[in-house]
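Mind having a look at this structure? Questions to follow.
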Amino acid sequence: MAKAITKPAFERHGLKDDQLSWMMRNMLLQRMLDNRGFQLNRQGKIPFATGSEGHEGIHAGAALAFERGRDILVPYYRDIGLCLGVGMDPIHALLSMFARGDDVSGGRQFPNHYSHHSLGILSISSIIAAHCPHAVGAAYAMKLRGEAGRAVLCTFGDGSTSSGEWHEAVNFAAVHRLPIVFLCENNEWAISTPRSKQMACERIIDKAPGYGLPGVRVDGSDPIATYAVVKEALDRARTGGGPTLVEAMCYRFLSHTTDDDDRTYRTRDEIESHRHQDPVPIFEKLLIEHAVMTSDEISQMKKDILALVNDLTDRAEALPFPAGSDLDKHVVEGAYEPWQ
Amino acid sequence: MAIAAESTVMNNVEAVRSTLYEALKTDERTVILGEDVGARGNVFLITKGFLEEFGESRIIDTPLAEASIIGVAIGMAMEGLRPIAEIQFAEFIYPAFNQIVGEAAKTRYRSNGDYTCPLVIRTPYGGGVRGALSHSVSIEALFYHVPGLKIVAPSFPADIKGLLNAAIDDPDPVLFLEHKKTYRMVKGEVPSGHYTIPIGKAEIKHPGDKLTVVSYGLYVHQAIEAAKTLAADGMSVEVIDLRSIRPMDRTTILASVRKTHKLLIVHEDNKFGGVGAEIAAMVAEDAFFELDAPIRRLCGPDVPAMGYAAPLEEAFMISTTRMAEAMREMVRF
Amino acid sequence: MAKAITKPAFERHGLKDDQLSWMMRNMLLQRMLDNRGFQLNRQGKIPFATGSEGHEGIHAGAALAFERGRDILVPYYRDIGLCLGVGMDPIHALLSMFARGDDVSGGRQFPNHYSHHSLGILSISSIIAAHCPHAVGAAYAMKLRGEAGRAVLCTFGDGSTSSGEWHEAVNFAAVHRLPIVFLCENNEWAISTPRSKQMACERIIDKAPGYGLPGVRVDGSDPIATYAVVKEALDRARTGGGPTLVEAMCYRFLSHTTDDDDRTYRTRDEIESHRHQDPVPIFEKLLIEHAVMTSDEISQMKKDILALVNDLTDRAEALPFPAGSDLDKHVVEGAYEPWQ
Amino acid sequence: MAIAAESTVMNNVEAVRSTLYEALKTDERTVILGEDVGARGNVFLITKGFLEEFGESRIIDTPLAEASIIGVAIGMAMEGLRPIAEIQFAEFIYPAFNQIVGEAAKTRYRSNGDYTCPLVIRTPYGGGVRGALSHSVSIEALFYHVPGLKIVAPSFPADIKGLLNAAIDDPDPVLFLEHKKTYRMVKGEVPSGHYTIPIGKAEIKHPGDKLTVVSYGLYVHQAIEAAKTLAADGMSVEVIDLRSIRPMDRTTILASVRKTHKLLIVHEDNKFGGVGAEIAAMVAEDAFFELDAPIRRLCGPDVPAMGYAAPLEEAFMISTTRMAEAMREMVRF
């Protein structure tokens, strides 16, 4: 790791070089896994993929603020980088894409629908916002047991805040001042629906006062700023200060999923006009400018990650599908027939 | 049900209440959440005094928002608590449908067993109490099709205790239905001490050999009464109380049908697509040649709900007389 | 009607004496019908009643702001005075209590669950907040058809704002800037649940900015102030200015319903401490002080109303229940059997 | 279905699309609302181009909030519009359950006919498309018990047009189910001009006299194929396409059973409490003595849903071969 003798001052919020390069690696890994999904889909190897290009800064920053072994993450389907960042083995990304038997859902769910009890990653639902009350229940359990120092991080998209279940979840958490951070990954779109058709307020954080909560907006293309904001919010939650609504701004650079074609509803120009928000090159540049990493180190990191992703792809692809007979496992505990 | 040496007579409200109380006493992971379960002690006074004894953090008066009552309870269950969620009246479960069907019932399955959801949802249902359109519906048929969910609907105090204990112990979500008309109407012996009744087991409440009557809820009590009337006339009718709706007890039903060769299903819920449909279908598949008469379903009419006005309620509900008549016709068939 | 020669200035928002005494009458009628319901219940003549004691000021004021024949009211079960105020014949209150066949629900619903298509009163549901999206749909229809000058008035309790359907309804209306006023009758309780357990914000109007809407709070024990605020909000809606969230403060003086016993969750002292908010004596005093009505006129009005209510009670009681055979009417158009 | 002199060959997507288009063209009260129905033209491109032609106020991209999609549509319907609400995928209807079951289905009843709710809810359902746990479910059994609601699930283009027109004309709420695997797979002649097919009428799609097979959705197509295979072996099977699930067509089913004396019900949805239960129950009540063999149901297994992995999907779905086998067994019985 390159150590600059005189480092120009930049707002690093106490982060050390290895933490910064850890974030860089997380972001690059996420992007490469994303690309791999779309690639495998184009090659006809997998029927479906979701990408989170543009969300990397949020994920890296929030993941670093998360305390492994203590906090609980209640994520949604975009949170590949966040799940990796809190400790998920990247093989799971590939296992989910290939729907292999070793996938955490046993090949049942779409890609990127993780659940890792041992890591504190709650089970992801495809039903938008349905997970938000679960996060609140988990936070309630922490508070009831008096587990100070723990908190829940619950993420969701901008569109999700229109849902009644989101409203009820945030309201419940606020009433009980639970240890939870609601982190909105505002990528400006819900499939083809822009903010203006989703809500009449300008910002997601405009919704916070209605729940009696503080709201903080942050530039999600900046993982350091995101880290700082999420960390502060998590710390408040961990110390009895109650929930915070964090809005991290980003942009969804890809189509919603491989099934979507965003050319039907937004121009290429619009997308290009957001390139300056792409967290990956911004952060590369920042680390190089501030001599946290050299350009060569980053190139090497990319090579290593690509090799890793290639290797994971091969390993995952080589693994078997679940068996058809697995279909009736885990419906409830034990064998299960409605007629007994 | 064998009655233990020690037992107490109580009504259904007391059976629910004392079982909940024991669960709160013996397992500190147990929490109760719902509307007006705290200071008010629930609208039927089932949780009265719990707030004072177990405190605000375990007896939770929730905001008026059913999806979050169930959704928050799911999260609690996934993180190690033993939530017992209450829906104030059965109809108000509709806004929580997504959390029950889309989430609770699928938690284990979609995580391949990594997460479980030991959640009990209690709610009072059923009519005959002048509850009007909104406070008198049955909801079991809206849920009994859902894999991953269990549904029980006991209607004797001793069964309530045993099945509520089983539901609380169960590692999967259980919908626990309480017929509100039986709350204070039905009294019975309840054995002392902790016991469970397995979910999925019916019980013959009145033995007989000329006709099998399958029912549950309030109507079991009427069916037994009707069976007694018929017995006086020398007609022997077997009344099975399902108690559990999912899973359901094929063994007990088939054994009875093999004995009586006739099947009458009686329920308060609307007929079309009701629980009786599955019972009839199962028997028509699995014991077809045992049957000496067409299967008959005596059920609620296919209208949205009974009305508030007494004649509308009476027109919806099935009287014991009508049940006895139907039984008589079938025995004579 | 008494005409004072020199009238002390009071904020009457342009209301004429007959409008003020009309409000007085509406409030007294509502209160007497309420009392009648509880009385009939105590006498064992009806199994259930709901009262709105404390809400009279809101109802009288909002009803006066409503334009009959143009506006649409989407009320809830407390809104007896509001429904009367927009034109409902008071016999319907009794018909609903007695569950007679001529009741608007045909004796199907609980008391005070009105629907009067010809008056623009939408059908009341027992399911809290479920009516709010209907109000939004009605407002959408007005806007789509370009019916300027019309608006929807949608009412609900404070507890109802916790519901997801309320959130989704208000959000939808805000996005489309629909001609609608959301009027919260904040009586501080949802059965036994106080505000502090229902939400973490102080005021219902704190929720308005999250929808990009203006929020206005008004003292609901003052029908004139309520009139002015609701009128302004309705006028804004009628002229393309979009929705407003109005919070009218009141207090629920009775138990939630005759099935409820509020002694289990609130003290008599608490109730007494709110007596100064009782809209009926306040308004009586105001009208007398400002010589809009004399004390004698008000006494006479009370007598007349009591005679009316007695007469209505007798008439309604004498009418028949619906027939049992009405049970399967109006499930869908025409006869209805699921098996055909 | 008699084919009119003028007709066009189209697939199911085109049938839905062109029928919606005509409704928008001919009745300005018609509006379409749902997620991504505007610029995106719906995720299956069913409403593509509608926004440009009919404008934002009639083709409404809603917020991501299903309860309000249906709830707002109810209000529109009560106030004179003719809303056609879309739920993007069937599973996402759960959050709207209250609005559908608690509200739309009861509007007319609770207002004693004073208000009506002419609302159509369209949604794609069903599996076989690698839709995983979430995008492959069937939902009909969760709703078919509900009085006041109508449910149709046609799967031929001409039926889609006739029944979608009937649903749009209907003065009451209709849930219109579109099997997404049939969207581009199934093609057929569609008569020109406006016509309706009455809700509640099944159709014999393949006549026969040794076995009655009742099905709907994707499986009707497979059942017809299977019946053809059996016909080649001299076994004559009658395949009935229900088309409507509530109300259902007793007349057609009973007439067929009286002819064939054997009944096989085939559906993709889980077996327990599925639509087949009611069909079996009805026949066991009303045509019991006509039956020469037990009724049989060949249905989806009782698990929450098929999985994303191909073997899990295959294990859930019933192949044409399995259908043919079951038919063969029953014919031979």
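Note that the chains are named A, B, C and D in the order they appear, and that numbering of residues resets to 1 at the start of each chain.
The rule is simple: a residue touches a chain if its C-beta (ideal position, glycine included) is under 8 Å from a C-beta of that chain, and two chains touch if they have at least 3 such contacts.
Since the structure is predicted, the reported quantities are computational estimates derived from the model, not experimental observations.
When every chain is reduced to the mean of its CA atoms, the largest separation from chain B belongs to A.
Note on A-D: its contact pairs, compared by residue number with those of B-C, A-B or C-D, agree for more than half at B-C. A straight line joining the Cα centres of chain C and chain D is 41 Å long.
Each chain gets one centre point, the mean of its Cα atoms, and the points for chain B and chain C are 37 Å apart.
Taking each chain's centre as the mean of its C-alpha atoms, chain A lies 46 Å from chain C. Chain B and chain D, compared by their mean Cα positions, are separated by 31 Å.
Annotation for chain C: residues 103, 105-106, 108-109, 125, 127, 130, 162-165, 167-168, 171, 175, 197-199, 331, 336-339 touch two or more other chains. Residue positions 62-63, 65, 67-68, 91, 94-95, 98, 102, 106, 109-110, 133, 147-148, 246, 272-273, 302-305 of chain B each touch two or more of the other chains. Here chain C touches chain D in the complex through residues 72, 74, 103-106, 108-109, 113, 115-117, 122-123, 125, 127, 130, 132-144, 164-165, 167-169, 171-172, 175, 329-333, 336-340, going by the rule given at the top.
By the touch rule above, chain A contacts chain D in their complex via residues 47-48, 99-101, 103, 105-110, 125-130, 159-160, 162-165, 190-193, 197-199, 259-260, 264-265, 321-328, 331, 336-339. Residue ranges on chain B touching chain D, taken from their complex, read 67, 91, 94-95, 97-98, 101-102, 105-106, 109-110, 133, 141-142, 144-148, 246, 269-270, 272-281, 283-286, 288-289, 291, 293-297, 302-305.
Interface residues of chain D, counted against chain C in their complex, comprise 31, 57-58, 62-63, 65, 67-68, 70-81, 83, 95, 98-99, 102-103, 106-116, 147-148, 150, 171-172, 200-201, 246-251, 282.
In the complex of the two chains, the chain C residues touching chain A come out as 162-168, 171, 174-175, 177, 196-202, 206-213.
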